[in-house]
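Following are the structures in question.
You will see two complexes here that share subunit A, one where it goes with subunit B and one where it goes with subunit C.
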Partner chain A sequence: MTDVLNAIVLLGNFVLVPGLAYGSQLALGALGVTLIYGILRFSNLAHGETMSFGAMITILVTWLLQANGISFHPLPTALLALPFGIIGAVALCLIVDRLVYRYYRQQRSTSSIYLIVSIGVMLITGGLIRFIIGPGDRKITDGERFIIKARDFKEMTGLNEGLAIKTTQGVTVITAVSVVAFVFWFLGRTRTGKAMRAYSDNEDLALLSGINPERVVMIAWIMTGALATIAGTLYGLDKSFKPFTYMQLLLPIFAAAIVGGVGNPIGAIVGGFVVAFSELIITFAYRKVFMYLLPDEMAPEGMIQLLSTDYKFAVSFVILVIVLLVKPTGIFSGKLL
Partner chain B sequence: MTYLAGEMMTGGYGGADILHECSIGVDRGEIAVVVGPNGAGKSTAMKAVFGMLGLRTGRVTLDGEDITSLKPQERVLQGMGFVPQNQNVFTTMTVEENLEMGAFIRRDDISLTMKQVYALFPVLHEKRRQPAGELSGGQRQQVAVGRALMTQPQVLMLDEPTAGVSPIVMDELFDRIIEVAKTGIAVLMVEQNARQALEIADRGFVLVQGRNAYTDSGVALLANPEVRKAFLGG
Partner chain C sequence: MTQTHQPTTTAQSRRNILLFGIMTLLLCFVGFVQSWNVTFSLLNMCLISAIMALGLNIQWGYAGLFNVGVMGFAALGGLAGVLVSQAPIPAAWAAGGAGVVGGLITGLATILAGLAVWRRTRMRGRQRHWLTGLTVLVGYTVMRMIIDPAVSAIEAIDPARAGFLGGAGMPIIFSWAVGGIFAAAVAWVVGRISLGLRSDYLAIATLGISEIIIYFLKFEDWLTRGVKNVAGLSRPVPYEVDLNKSAQFQEFASSIGMNVIDASSLVVKISYAILFTLVLLVILWLSEAALRSPWGRMMRAIRDNETAASAMGKDVTSRHLQVFVLGSAVVGIAGAMLTTLDGQFTPTSYQPLRFTFLIWVMVIIGGSGNNWGAVLGGFLIWFFWIEAEPMGLWVMDALTSGMPDGHWLRMHLMDSAAHTRLMTMGLVLLLVLRFSPRGLIPEVKR
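After this line comes the complex of A and B, so read on.
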């Protein structure tokens, strides 16, 4: 019996808890991608860099706060700096929209043109970020490291395996849940949110109803900037902040948006968790789990790992290919908000 | 003086002209119907009146005022409502949300207008929590008309409101449209079902190749042997 419990705790510690945190980060990222797809009808490849930019501003403000002795103990100081990061990323989004995307809207460009344009925006933003903060790896977590330490858990339960929950993981999940709840309330209940859904559903009819498209686009960018900053900062807190990782995050984020059905907010959330758990389940080494569950003589010799963690991005790729082959519209038949 | 009038309109979608000195119009409380063979420019004439098409010559007046240069959204503010032929509802939104979006430009209380729309189309009240995309063709058309009525327009323009619905539903829709006209709203519509539409029309416009071929009261057009022969199948 204890063996089974040990096996469950082991999976909880290395798959469930990190999966919930990573899934929340991907879900928030995918929500931003899906929002832009729903309103502006293009895949925004610059989204990773928007996340990075927002996180960078948050970090700069965090340093400023720390230098002045302000902290948010026991929570990470970065949470205090988050609003500034959001303002910075929203400003970036609105400026880029004014300078770049608006021109292509007036030209009524096709979505593939937008896609290429967004690659340009991605490269320039990425360069700007590395110019400001440098390409290096930065740890920004402070405050209490753990909500539950592995050792405390072992002492509490008397099990061999410990279950650790990092503060950043707890913060990530709670923040993600509240942000997602807010987004759904906004889209489902408010006049402006409904106008956005209407615009996403049927642009011409929205115009006939007197909905101002420029305002809808502006609000979409504001929400995207905010979501990107929150996702980027939570990821940076949980792992570490390194500009290049955000470009790599694009793949799982797009996989998440497409798995759920691009343009569909619920799909983005579900997709985020599908991708996160797939990555963890496939790259986890099950040796110890089997050692607990199987009799000693049957104990496995290898690591029982389906794929090395170096290949975790391949998982997103495979998911992407399978979805596009089997159900290109995604689980929730996306395309609309 | 006709309340809403498109006079001597000439224009098209950028290439060759589709409308040639075409005139259509409607007065308050009246139903005016535009009929004609396929490709006669019926829908184009409607779009021209609503400002969705650039006119080379001619003008559009509403209550005596020249509105030729106004954008469609501005015409909505002036009291014009338009129901497009296709994609005329927000399919992913509920019936009630569709009506709310119809009233988007209004800042006052819309609950009374919504009640009136539900009174006109009782089935919509039943289905108000359902996504409009799940409704039948006839019910969707009701949502579309209801959405346009939410701005409390003086003019309601309908582009083939009975396209793709059964004859029974068509009769019902026409009855509703008559009710709308009786409240003093000017109704201008394009119809494929020429005979039935002319029966309820105060004015009829027969267009051929973008030109006015016949213009008369609905009854007179139905009685006109040339019109019967050429457009109503004898």
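After this line comes the complex of A and C, so read on.
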């Protein structure tokens, strides 16, 4: 019996807990991608850089707070700085929309043109980020490191395996749940949210019923900027902040959005967790789990790992390919807000 | 639009000559100010960039396909450079050759079996997914069981110098063709999966495959030595050292009044430039011929109105697949040439900004749909990509000259000057898209 518990705790420690945190980050990122797709109808390749930009502002403000001795103990100081990051990223999104995307909206450009334009925005934002904060690695985590330490857990339960929950993981999940709840409340219950859904569903009908398209677009960008910053900061807190990694996140984020069905917010959330858990389940080495579950003489020799962790990004790609082959519209048939 | 062969207007062709003239002057300027060695290094990279841009232009300009994975196809070309030119390592083949080949065959068989099961189980509803999944999982496990010991055996053999299977030991120039074939094969698979769906799916799929190719090259040490890199690839042109030693060459160098070291490195670069120019001209000629042919007209018809073209009986998806494979092959050729020029294969050097998005900037700025435009874009953008760094540094220096030495802002700006070129590229891209969306050399209306 203890062996079974040990195996469960082992999986919980290395798959469930990190999967929940990573899945929340991806879900928030994919939600932003899906919002822009639903309202502006293009795949925003600059989304990774928006996340990075918001996280960068948050880090700069965090440093300022830390320098002045302000902290949010036991929680990371970055949470206090998060609103500033959101303001920064939202400002960036709105300025870019005003200067760049609005013109193409008026021209009624095709989605491919938008895609190239978003590459331009991505390059500029990426350059700006590297210009301001540099390309290096930044660790910003402070406050209490763990909610439960592995050793305390072992002492409490008397098991061999420990279950550690990092503060950042807890913060990530709680923040993500509240943000997602807010987004769904907003889209489902408020007038503006309903207007956005109507606009996403049928642009012409929405215009006929007097919805102001510029306002809808503006709110979409505000939400995207905020979501991107939260996702980016949480990712940066959990792992570490490095401008380059946010570009690599594009692939899992888009995979998440497509798996769920692009343009569908529930799909984005589900997709985020599907991608995150697949990544962890496929790259986890099951050797110890089998050692607990099987009698000693049957203990496996190899690592029992389906794919080495080097290829974790390949997992999102394979998921993407399977979805494209089997159900191109995604699990929740996309394009509905 | 009704005429099939409306020649370019004289004003336009004069403008084109002027643009290419300016480009030549820029390169010559570097020759006089910095050195001719720098000019020819730049020129060689410009030529390779131009070929990559041609490849992307075939996809985007001819057919409107959105390939965000140029990096991956270029890296496949680089892999070809290693696999063709490196000498085979018999000890490694003896240790794990059979296992690797057997494993790869099992892998291929797994994919085929998976497809077969998927096709045969149409009537089975939900079971279909499980059956296919199970087939693939079993096949994959068998493959790993065969290949894993072989891989560790290979990587254990002389890891400091070898640790991989080596290549075919042929002249590296063949790798240019092989690189094209590698890239084309991968492009075919990616295209089969993602073409015919919404246009941005191809973008995401290529973005993904390019990352995975790079990861594969980084971590499959048995094939590529991974991050240990493969250095000292053979060359299609003479080595500087040999030239320096030859009495004939020393005489030649003194007759043109240069010292031997400079002259030899210049001669090597010029030889590369000649080879690259030949390849560029061949590809350019083929592309132009294709664009003028009925095939080119069909591609434009498909690009401009897919619905109409398919109503006329054109098979849009398979034409797209064709053009996607062709364009990727050209990128693969350029990738192999790049590795040849570098003389080494470094998987970590492949960065999406440099290998994918920069090429996009080249095509858009040069003029999508026009091959000459792509070539000009390749030259111009590469030139500024390299020269923007010293220029950025100079601008920062000038801007902050009023500040005291060692002022934090001045230090920061000087340190970050290198990143201004990313911003510059993005800015140029947006400005061209907005104010001159057809690029420097616009597509010719035929």
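Quick note on the criterion: the second predicted complex is superposed on the first by the 337 of 337 C-alpha atoms of A that agree within 3 Å, B and C clash if a C-alpha of one lies under 4 Å from a C-alpha of the other, contacts with A are read in each partner's own complex, and residues count from 1 in each chain.
One rule holds in what follows: a contact is a pair of C-beta atoms (placed from the backbone, for glycine too) under 8 Å apart; a residue touches a chain by one contact, two chains touch by 3 or more.
Bear in mind that the values here come from a model prediction, so they are computed numbers and not experimental data.
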Most subunit A residues touched (candidates subunit B, subunit C): C
Contacts of A:313 with subunit B and subunit C, given as first, second, both or neither: second
First, second, both or neither for A:195, with subunit B first and subunit C second: first
First (subunit B), second (subunit C), both or neither touched by A:206: first
First (subunit B), second (subunit C), both or neither touched by A:250: second
Partner chain in contact with A:42 - subunit B first, subunit C second, else both or neither: second
Touched partner set for A:136, first subunit B, second subunit C, both or neither: neither
In the complex with subunit A, residue positions of subunit C that touch it: 64, 66, 68, 129, 140, 148, 193-194, 197-201, 203-205, 207-209, 211-212, 215-216, 218-219, 352-353, 357, 360-361, 364, 415-416, 419-427, 429-430, 433-434
Touching residues (chain side subunit B, partner subunit A) in the complex: 72-73, 76-77, 82, 84, 87-93, 97, 100-102, 104-105, 147, 151
Subunit B partner contacts - residues on subunit A that touch it in the complex: 191, 194-195, 197-198, 201-202, 204-211, 336-337
Sites on subunit A touched by subunit C in the complex: 42-43, 45, 100, 103, 111-113, 115-117, 119-128, 130-132, 134-135, 247-248, 250-251, 254-255, 258, 302, 306, 308, 310-311, 313-314, 316-317, 320-321, 324-326, 328
